[in-house]
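Below, each structure is written out as structure tokens.
Each of the next two complexes has chain A plus one more chain, namely chain B in the first and chain C in the second.
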Partner chain A sequence: MSRAPSHPLAIGLLLLAGVAAPLLFPAYTNQVAVLWLMIVFASTWDILGGQMGYNSLGNIFFFGAGMYTSAVVQIGLYYDVGMYTSGARTTHIVFTTAQYFTGFALGTVAAGVAAALLALATSWIVFGLRGPYFAIGTLGVAVAAAELISSWEWVGAAAGISMPVFPGAPDTQKLFFYSLLFGLAVAVLAFLRWLYSTNFGLAINAIRDDEEKAEAMGLYTRRYKRTAWTIAAFFLGIAGAIFGNMTGFIEPRDIAFPTTTFNIFMILMVLLGGKGTFWGPVVGAVVFQIIKEVTWTYFLGWQFVALGLLIVIIVVYFQQGIVGWLMEKYPARFGISAAPKERKESSRTIGLAPHPEGAE
Partner chain B sequence: MEQVIGNISVLAAMPIFNLGLLIDGLLVGSIFALAAYGLALVWGVMSVKNLAQGDFIMIGGYITWNLGRLGIDPLLGVPVAMVVLWGIGWVLYRTVISKVITRDLFTSLLATFGIAIVIQQGLNLAFGPDTQSAHANLPTLSFAGGLITIASTRIVGFVLAILLAIAVILFMKKSRMGQAIRATAQDSRAARVLGIDTEKIYSFTFCLNAAICGAAGALVAVVWNVQPFLGTTYSIRLFVIVTAAGFGNLPGVIAAGFGMGVFEQFGGFILGAQFQQALIVLLLLAVLAVRQLQQLRVRQAVQ
Partner chain C sequence: MNDPIIELTNVCKSFGGVIANHDVSLTVQRGAITGLIGPNGSGKTTLFNSIVGYHPIDSGSIRFDGQEISQLHVQEIARLGLLRTFQTTRIYGKMSCLQNMQISIPHRKARFVDMFSCARTEVLEQAEQLLAFVGLYEKRFLRAGSLSFGQQKLLEFAMALINEPTVLLLDEPTAGINPTLINGLIDRLKRANAEFGITMLIIEHNMRVIMNMANKIYCMAHGEMLAAGTPSEIQNDKNVIDAYLGAH
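Up next, the complex of A and B:
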């Protein structure tokens, strides 16, 4: 949506909601914090899935990798990690306030960097793959990471790691992590907004539309794909570090690499909101989070069945998503002046639309 | 690490153990080959990559286990599971699969992933998360002075899997329906022009695949065990097999199925059982990487 109007109203509403939510509904601070996390998930997934046309099933790998990197850095700065993970269940290890925040800051940075490096390393395996092979390959990376961590004693294996305890009152802790996740979400959205307005955005769109042609036009597609994957990984790594500290306990299968929950939520939110649009992932995340909280409360025990059904229903019957549907309905609001049916192509060719008779 | 080297040296010192692992691997591999053939069939005919394949197997397994609990011989579970899975396959085809065939490949992947989650959670709610196994009261045979032991259930499973595979292959080669399926796989448009009802073929193929999975699942419950969340591992295994062999390559799929069984037995023995799942996934990545190197060579040749 590089040429779209800037939607100042939506941006203002988003920022206002972010600041007001913990003040108005202090009881729901954590839920709203998770909503910001979901927005980060959906928006970073959409870089590859929506804008570049590479549907990954394994983005959660970077989330978990960031989480574990930060844990190892935070603990390793002051204690022996192997001792900590084996002794954490019996002895109480204390971090001073200064130790906690230094470790947390360094750990978060390290998490982003490590996730980005892992993205560069894995890009060699996954980016020769196309379509469903790419999806399965990335899923393989995530599952392999979960399995390997589960049998790695040094980082606590399947039993996980208890993270350093936040030095402060529970309410301060909530607000602290809330502001971090909110800040991260805003940073991601601002960055992506800029990114999609550059030539880089156009290049990854070209890869989505026709990779062979893009290559023939002289785009070095491999470099673009690698960069996009690394960007997504960097933000997901940071998100993992923050979320790991927020929950206070990390474990490979259900928290760090949850391939059937967070991992699939990313894709669902994007599909629900509208693939390949800037606001789609945000709208999808908000709607999905509401649906999820309701089903988790009222269908307890059946929530995952409901989740599976939701996937099938969205995928089969509503793939254009909310924003996609709105764009078809009110194209003018989104700066599209060609016929709505040529939505994908025409949004890029304003002024030289191939079917001028369809222009409004 | 020492343990791994120790295990390797055991294998080197006692060649007879290798034989035991090899036989076990082949017996287990026959079941993989059967289910992988079903996956390749659906993949080839309607280019739907069924990520719920492993979960179909688990349904078949749970049917057999329940029959066993009722005192019915679990080997009778094979036909029952086939019939039930045929029905489930038909319902799923009608409600979901028929609507995603014409869409892009990721859609079918995601839709079947959703089905997989529903099946896993459904089984978990119905039967609990414990590992279950159906016992067919057959003796364990031992050879070479007790150094090789083979559960005779595995031999029965092997024979049944081979018989079923032969039956399916003969059906595909000889029967009118099988020929129509193969014609549709080659070129669905041409098949339609020649008067083949491709919609019916798709439906039949998906049901046939579900039934094959049901049979494989019944055998899995007898020779091994079932658990609601094991399905994903099977799906990945089958995906590895079909990707390594190529979906149009039937002998390749069967050979890769046996290879997978043998690989897993040796890997499990050398590294320890807790690495089994990681091993399968790493094998998937290795297969994808190798395939890519092959492609790279082709691309360079073209350039």
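Up next, the complex of A and C:
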């Protein structure tokens, strides 16, 4: 089997960075927490966009759907949602510690499940489309969801929802959400590492390389596509639930379904790091987050110009991304061999000996 | 011997005003190698596409092992054990040869959980044996897309074999392959037929190849079946000679 080597050093560094960052740089805890969220974004986008060759512009739909699901569950468990979100409400509502954590736990699980179910439902529509039509179709789903929520009074419409307040000190709150996002990123990476080592990884790669051929070989292509979409949605739903509680206030256009920021970032990070590689989205997210924080801090007002420039540079000059470039340069480190490796020599000639006048 | 595995009766297919197949009937005997020849544009590939379900036929019937398959989808037909290779070779270019083989195992009985299973040792061994069979063992870790065209054809053939088809439809297996390699390929096709018992229906332009391999040959021209018979009958059929050389 010629799967990529396990890169224990990279994994160790990643875990070490995750634990050390909030201790060494407490002032940047939130920024690093968002970095883990970005890694979740990029890695889950890459399941379809990189490994399966289906460029989705609508993954943010599941993030927002998860966010709103958790909000509704967290509030709905103890209060009437319509009353809570009503603009006319004057009473101050406080959640007890037990209420907060019970609601948050159940809300997060519900967010993942709801997002997965929505993915199954929408998969009937979007997987009838291919190529650019798929991209636009999925974008349509995300935009429609934002518009729908914006006019739905029961969940606060465009005014949004103030989430239950975290029962603890600001520093505890920061660390709490940091740990959750870090844990989620590690869980996503571990899951994908396993997923790509199974037949599933091979099948979605086959769909990327030649879907018609995969169909002609009898592969259940639709089943694979729907499952991949559902997996991405599940993790994005959970991410949405955590992020919604972390920011404390959610609204449809800029926080739950930000089609022009987070939605574009996830694609950009994958392109920057390297499409269709395990480490590409991670590297891309780290580099991107650094660029983003620097431009947002020092070139405020010009940050979107910088972002646009970055998009142009990547798309025109650097399509294979950082990890893709490294793989071309040092293929042996990634388990790609130009020269045949010698292993399992014994099993070669059982029954059918290679023919003398074989391929040149 | 009369044990048909594929039976086409009066198949018609037209694209707009163009009649690609008109009243085509054809029978493939189980275990045999059947040839399909005809000038360019005579409707051979359209007939192949109809059989494997790429497009619905206008009328007529296509039976595989007694079962009507003209209404089934591509994947369903493939899972029944009726597999085709493409005229323009199709492999998974960015994956290694071995991975190409691993993902081509039969999906007939695949359940939902099988999506997440890992490659079993038997599969890997079988993949390596078949790669050795087509002479690509040394290249098994290379990207399939980096192989030469001829080698890609051999890989596609090996991928078809690991799928354990009952019938294999080959669309011009020797097109674009150098003459030395052709001999090796003919030999392997014959061995696959004899050793693995795979029935074959082959579209071929290379007369030396098809006359040498097939038990029975069908000749198409202008979307219609022109002649059918043993290789020697076809070689001496006046209509066939006219269709190829142009009758005046």
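Assume the second predicted complex is superposed on the first by the 332 of 360 C-alpha atoms of A that agree within 3 Å, B and C clash if a C-alpha of one lies under 4 Å from a C-alpha of the other, contacts with A are read in each partner's own complex, and residues count from 1 in each chain.
Going forward, a contact is a pair of C-beta atoms (placed from the backbone, for glycine too) under 8 Å apart; a residue touches a chain by one contact, two chains touch by 3 or more.
Since the structure is predicted, the reported quantities are computational estimates derived from the model, not experimental observations.
Asker: Touching A:Val143, do we find chain B (first), chain C (second), both, or neither?
Answerer: The answer is first: A:Val143 touches chain B but not chain C.
Asker: Contacts for A:Gly308 in the overlay, against chain B (first) and chain C (second): which applies, first, second, both or neither?
Answerer: A:Gly308: touches chain B, not chain C.
Asker: By the touch definition at the top of the document, which applies to A:Leu129: first (chain B), second (chain C), both, or neither?
Answerer: Once the two structures are laid over each other on A, A:Leu129 reaches chain B alone.
Asker: Touching A:Glu212 in the superposition: chain B (first), chain C (second), both, neither?
Answerer: In the superposed model, A:Glu212 contacts chain C only, not chain B.
Asker: Answer with first, second, both or neither: which of chain B and chain C does A:Thr198 touch in the superposed model?
Answerer: Second partner only, chain C.
Asker: Just chain B (first), just chain C (second), both, or neither: which does A:Tyr220 touch?
Answerer: Touch status of A:Tyr220: second partner only.
Asker: Overlap the chain B and chain C contact sets on chain A and report the shared residues.
Answerer: Overlap of chain B and chain C footprints on chain A: empty.
Asker: Please output the residues of chain A touching chain C within their complex, sorted ascending.
Answerer: 1-2, 195, 197-200, 202-203, 205-206, 208-210, 212-221, 223-224, 227, 276, 336-338, 340-341, 344, 347-355, 357-360
Asker: Within the complex, which stretch of chain C touches chain A?
Answerer: Of all residues in chain C, those touching chain A are 52, 74-75, 78-79, 83-84, 86, 90-96, 98-99, 102-104, 106-108, 110, 112, 114-119, 124-125, 128-130, 132-143, 148, 150-151, 154, 159, 163, 180-181, 183-184, 187-188.
Asker: Considering the complex alone, what residue numbers of chain A touch chain B?
Answerer: For chain A paired with chain B, touching residues are 55, 57, 125-126, 128-129, 131-133, 135-137, 140-141, 143-144, 147-148, 150-151, 260, 264, 267, 271, 301-302, 304-305, 307-312, 315-317, 319.
Asker: So in the complex, the part of chain B that touches chain A is made up of which residues?
Answerer: Chain B residues touching chain A: 49, 96, 99-100, 103-107, 109-111, 113-122, 125, 232, 236, 239, 243, 274-275, 277-278, 281-282, 284-285, 288-289, 292, 295-296.
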